[in-house]
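What follows is chain A paired twice: with chain B in the first complex and chain C in the second.
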Partner chain A sequence: MMKKIFEKFWSIAGAVSVCTKILGIVLGSTLLLGTGVIFQARAAFQATMMRLLEEQSISAARDLAARAADPILLNDLVYLQNLLDETVKNSPNVRYAFLLDPQGQIIAHTFHGGFPLALLSLNTVAATSHHHTVLIRTNEGLVWDTAVPILNRKVGIARVGVTDLSVQRVLSELTLQLGLTMLVVSVAGILVAALLTLILTRPIQELLQATREVAKGNFAVRVKRWADDELGDLADAFNQMSEQLALTENLRREREWLRRQLLEKVIASQEEERRRIARELHDSTSQNLTSLIVGLRMIEENCRQCPAQPKALELRAVASRTLEEVHELSLRLRPRILDDLGLAAALERLAAEWEARYKIPIDVAIRLNERLPGAVETAIYRIVQEALTNIVRHAQAHSASILIERRGNMLRAIIEDDGIGFDPQTRFGEHHLGLLGMRERAELLGGKLVIESAPGAGTSLLIEIPLSTLSSE
Partner chain B sequence: MKYRILIADDHAVLRSGLRLLLSSTGEFEIVGEASSGIETLNLAETLQPDLILLDLSMPSLGGLDAIPTLRKLAPQSRILILTMYDEPQYLRQALKRGAHGYILKKAADSDLFSAIRAVLRGEMYIHSSMTRVLLDDMLSKSKAEQNVGAWNTLSEREQEVLRLVALGYTSTEIAEKLNLSPKTVETYRARGMEKLGLRTRAALVKFALQEGIIEEE
Partner chain C sequence: MLTFITLLVIACVPTQKLTIAGNVDLNDLQPLATPANRQTSALRVAIAAVISPKGTVESYAPLLRYLEEKLNRPVELIQRRTYMEINDLIAHGQVDMAFVCTSAYIQGHDTFGMELLVAPQVNGKTTYNSFLIVPANSLARSMADLRGKVFAFTDPISLSGRVYPTYLVQQLGFTPEEFFSRTFYTYSHDEAIRAIASGLADGAAVDSLVYAFMLERDPALREKLKVIHTSPDFGIPPVVVNPAIRPQIKHELKSILLEMANDAAAQEALKSIGVERFVPISDEIYQSARELMRTLLLFNQP
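Take a look at the complex of A and B:
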């Protein structure tokens, strides 16, 4: 239950800005303190005033009783009336005063609009008492009514009523003043709090800004150490972190660059090696084998009756098979046609062979008017090769397509199949590794590879390689 | 009279083998051997042989590039390509440049004689493993002609999408260009291709070029 309430509170209080939180705290405590002070002051004041009023009531009644004894005996009514009026007039708190004879009959009073008879029975005093005070609640407020016997009630009773009207008025005034003071203090508090917040949140704001910059990859940002407090420490720690990140990033970039360089070199030398071996196989080994075949053929022709003739036939068959294999091997290493006739011819050949081998129809459209830089031709050729391998391995396609075209200074290659497709976000498996290799090749030439695919929707690979930045070979 | 043959191949052992093989029947006389493209041109000009047995891969000047010059220098000489290359493009190029025959080295032992004889008779000789290429070329042309006129049966949207597909835009790019979802683009594309009886983008590109829907560069 408590937790729930706290959660509810925090969902509101926690959601506002730090500025609002601080203002809330300052304003809240000011109001709380102010209200407390007001209540405390009022209560203390009221208690004191009530005691004073009671005392005033007593003293006024006793004074009246003392001074009224003789005139009552002399029956000097005019004097008595004056005495009463004077008692009332002397103190604003005295609401009324009257005198009763021993029988309880009114001798004189200060009520102008007739005497409220109910008042008579509300208070009385024993003859031996010093005084007797009762607190009466009237529609004019509280009244301390004190009855004092005059000469042991033999002459009569003097009664004086003291109201708290003026006290109430003073109390109201006091409250108002305290309230106003509180208001002023609150405003001052808000101002101070706002200033405080500004001082407090400014470094936080700056840190926030800087953090966002760092997140964007700008590691050069530094924040100022505003104060020698925790926030200052945070700023220092932040700066250290940025510096570290920048270092790490630089290191990473450098490594990446080195890796790229290395990769480029590896790919280039691999390609060169393949080219060399393929050429060697083609130019030397194949030719030797052909010579061998022709020579064996010669032997067959020249001695049809020799015992070696069947052997020669057999050897020629072996040589032919070997020639076939060497040819195949050389082709797979690096087709001569790629160097001799270019990408278009090489891809058409690759596609034709692929189609024949895997029985998947493939269309090739190559819209190029001229040879491309050697590196681009090789890269595209290898990428298409990999893509076709992927199609065979994973796509379960019914057909495939290769489109190579030049758009401005971009070479675009689109390799498509109508197979089962896959989720390009998947980062697992051999499939992904193949794609990674293709992407790497494209990126080494400043290009990119985009995969468009979804399960059941086939796969499109778009490779874009800029041509302008590369010098033609 | 024996037919006079010039052998052009950079491989000496093969040359001597061929010389022996061709001489053995008594039908042919080997009048010269060249080991490079330039040498072939020189010998052909001076010897004016009946037939030049030409390898495609030779130093200084490749066989393919030598053909047109050979035709000029020795217009009476027949040219028979003897090569390792079984790529259709080499065949096409060789024929386009004026060769009279094309035989693969792997068939040198079995079919060389018939090839030489055919070429000398004035026929064209294409080795049987390569004739398929020419047939495919022809067939693909006539196949593409079937679709003529089908373009106009497409809706405007389908035409728009297919034109962009032919221009090499991916589905996502087309979707962005036309303010459609990639799925919708796929649908238009599939429907249009179906109507045209085409299966792949590359086939569409060829069709579009042929129909003048997109421009040749």
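Take a look at the complex of A and C:
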């Protein structure tokens, strides 16, 4: 039950802003305290005033009894009437006063035009008592009625009634005053709370802004320490964290740069090695094999009847096949055409050989008017080479296309197939398909690689590499 | 926390439980029944304001109770501010028996035949005097020294309180209005004594019996007062009856009062009014007072 109430409360109190919470605290406390004070003051005041009224009733009745004794004995009714009227007139709380003779007959009273007879029996007093006071409920409020014996009741009884009308009036005024005070205090409280809220939420707002900046990667942002409190400590901690993050980020960038440098060197030396091996194969191994073939043909032609003639024929065929393989190997390692005639020619030849070998039609569109920087040509060539390998290995495609074009300072390459596709979200796919290597090649040149693919919807690779930064290098 | 304290405070306020004795509509006014005719069978006794009304009630209550028992009928006490009002009540038959002052008796006897019943005997005498009293620290030694002072009279027709001091002033050749700077009436002898004791007046003439009675009751007064002149003896204030009273009742009352001294049950009543016994009395004893009043009247009416 309590938990439910608390949850309900929290769902409301937790949802509002800090400003509203503080205002709620201030206003709630003020109202609660104010209401409590009003109730308390009213109760205390009423209790005190009722006691005072009782005392006033007693003193008025005692006074009347003392002053009425002689006039009653002397039967001075005019004087008695004046005495009663003055008793009522001179003290605003006295509602009525009257005198009874020892037989209980009314001698004189202050009601005009009759007497509320019900009053008579409500109070009386013993002859030897000092006084007897009772509380009577009347149509005009509560009345403290005091009876005082005059000369041990030998002369009679004096009775005086004191109403609480004035007390009720003062009580209403008091309540109103306290209520107004509470209102003023509440307004002041709201102002103070607004100020406090400003003081409290401003650093929080700033911290929020700064946190968003950091999230964006701006580690230089710092917050001001507003006050020597928890929020101040939070600001300090935040600044420390930002500094630490900035340091870490710098370190990371440095490492990344080193890694790229290293990668670049690896790739460059790899290319160089391939080129050297390819040249070696072409220049030396191919020449030797060619010499071998020429030698074997000469053996064939000069010794037609020799028993070794068939063997020479056979060896010549092996040598020719090996020459072809060496040729192909050299081409794959580093096509000379790429260095000699450029990317367009190299790719067209690559595509033609690929189409011929795997029997998958490929559409090549290359719109380049000039040679590109060597690094870019090599990267694009290798990326296309890898992509075509992937298509053969995984895509089960029926056709493929290559588009290379220059758009302003941006080189753009799109390699597409209509194969089975894959889900690019799975990182497994990226690693497995050698996409990471392709992406790294693109990124090393400040470019990017975007894969668009879905199972059953083919695969599309978009590579963009800026040319301006390279030309300025 | 604040909330908790507030609630605690509210809870701790003692809720004063007030018992209501009853409900009344103060605007529900009804005509008062005319008071039932005052006990017609009651014996109506008037007591002149020799001492103040409250003092009278206290002093005479035992005597009145005694009479009620003896007569086996209620006794109603009637008091008035002045002696003349009592005399009027007696003259009009509204009072059966009365304790009056000497001068009131003479006035009543000479105008409508007020009848003597008995007289109280005090210190073995049926006479009393007028004491001229002044504050204890006063330098006055006779009436002559009170010229230009404030003087308190008791009742306009009191022998000891007004007639005799007026007589003394006249002997000096003045009227009281000329002689004193200011005069006022206290309407009873005990109030006159208190007026001197409190310094309200510089001089007053009072009934010697009341003076002795007051001093006995309140010994502190001895320190504050002194008597500088004593009048000749006058007949003591008597108990009188209405001339129209039935003779049997007059006789019954007289015998009860005369027998009181021999009745153990009556001692408290006698002691309360400072009387030893009631004795028969004749009009002669009041002759000196009557003459004094006549002189004064002659003097008063140029």
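Assume the second predicted complex is superposed on the first by the 438 of 473 C-alpha atoms of A that agree within 3 Å, B and C clash if a C-alpha of one lies under 4 Å from a C-alpha of the other, contacts with A are read in each partner's own complex, and residues count from 1 in each chain.
The rule is simple: a residue touches a chain if its C-beta (ideal position, glycine included) is under 8 Å from a C-beta of that chain, and two chains touch if they have at least 3 such contacts.
Everything quoted here is computed from the prediction, not taken from an experiment.
Trainee: After the chain A overlay, clash or fit between chain B and chain C?
Mentor: fit
Trainee: Under the stated touch criterion, which partner chain does A:113 make contact with: chain B (first), chain C (second), both, or neither?
Mentor: A:113 contacts chain C only, not chain B.
Trainee: Is A:96 touching anything from chain B or chain C once the two structures are fitted on A? First, second, both or neither.
Mentor: Second partner only.
Trainee: One more residue to check, A:139. First (chain B), second (chain C), both or neither?
Mentor: second
Trainee: Where does A:158 make contact in the superposed view: on chain B (first), on chain C (second), on both, or on neither?
Mentor: neither
Trainee: Centred on chain A, what angle do chain B and chain C make, from Cα centres, as a multiple of 10°?
Mentor: 170
Trainee: Does the superposition put A:49 against chain B (first), chain C (second), both, or neither?
Mentor: Neither: A:49 stays clear of chain B and chain C.
Trainee: Applying the document's definition of touch, where does A:457 land relative to chain B and chain C: first, second, both, or neither?
Mentor: Touch status of A:457: first partner only.
Trainee: Looking at A:70 after the superposition, I want to know if it touches chain B, chain C, both of them or none. Which is it: first, second, both, neither?
Mentor: Only chain C is touched by A:70; chain B is not.
Trainee: For the combined overlay, can you note the least CA distance between chain B and chain C, rounded to whole Å?
Mentor: Superposition on chain A places chain B and chain C at a least C-alpha distance of 61 Å.
Trainee: Can you give me the overlap between the chain B contact set and the chain C contact set on chain A?
Mentor: Residues common to the chain A contacts of chain C and of chain B do not exist here, since the sets are disjoint.
Trainee: What residues of chain A sit close enough to touch chain B in their complex?
Mentor: Result: residues 282-283, 286-288, 290-291, 293-298, 301-302, 316, 320, 323-324, 327, 335-337, 340-341, 345, 348-349, 352, 361-365, 367, 369, 398-403, 405-407, 412, 414, 416, 418, 450, 452, 457, 460, 462 of chain A touch chain B.
Trainee: Please output the residues of chain A touching chain C within their complex, sorted ascending.
Mentor: So the residues of chain A in touch with chain C come to 28-29, 32-33, 35-37, 39-40, 43-44, 46-47, 50, 69-70, 73-76, 95-96, 105-106, 111-119, 121-123, 134-140, 142-143, 145, 151, 154-155.
Trainee: State the interface residues of chain C toward chain A in the complex, per the touch definition above.
Mentor: 2-3, 6-7, 9-10, 13-16, 18-32, 35-36, 49, 52-54, 56-58, 61, 77-81
Trainee: Under the definition above, what is the set of chain B residues touching chain A in their complex?
Mentor: Listed in rising order, the residues of chain B that touch chain A are 9-11, 13-14, 16-18, 20-21, 24, 57, 62, 64, 84-90, 93, 105-106, 108-109, 168, 170-172, 182, 186, 199-203, 205-206, 209, 216-217.
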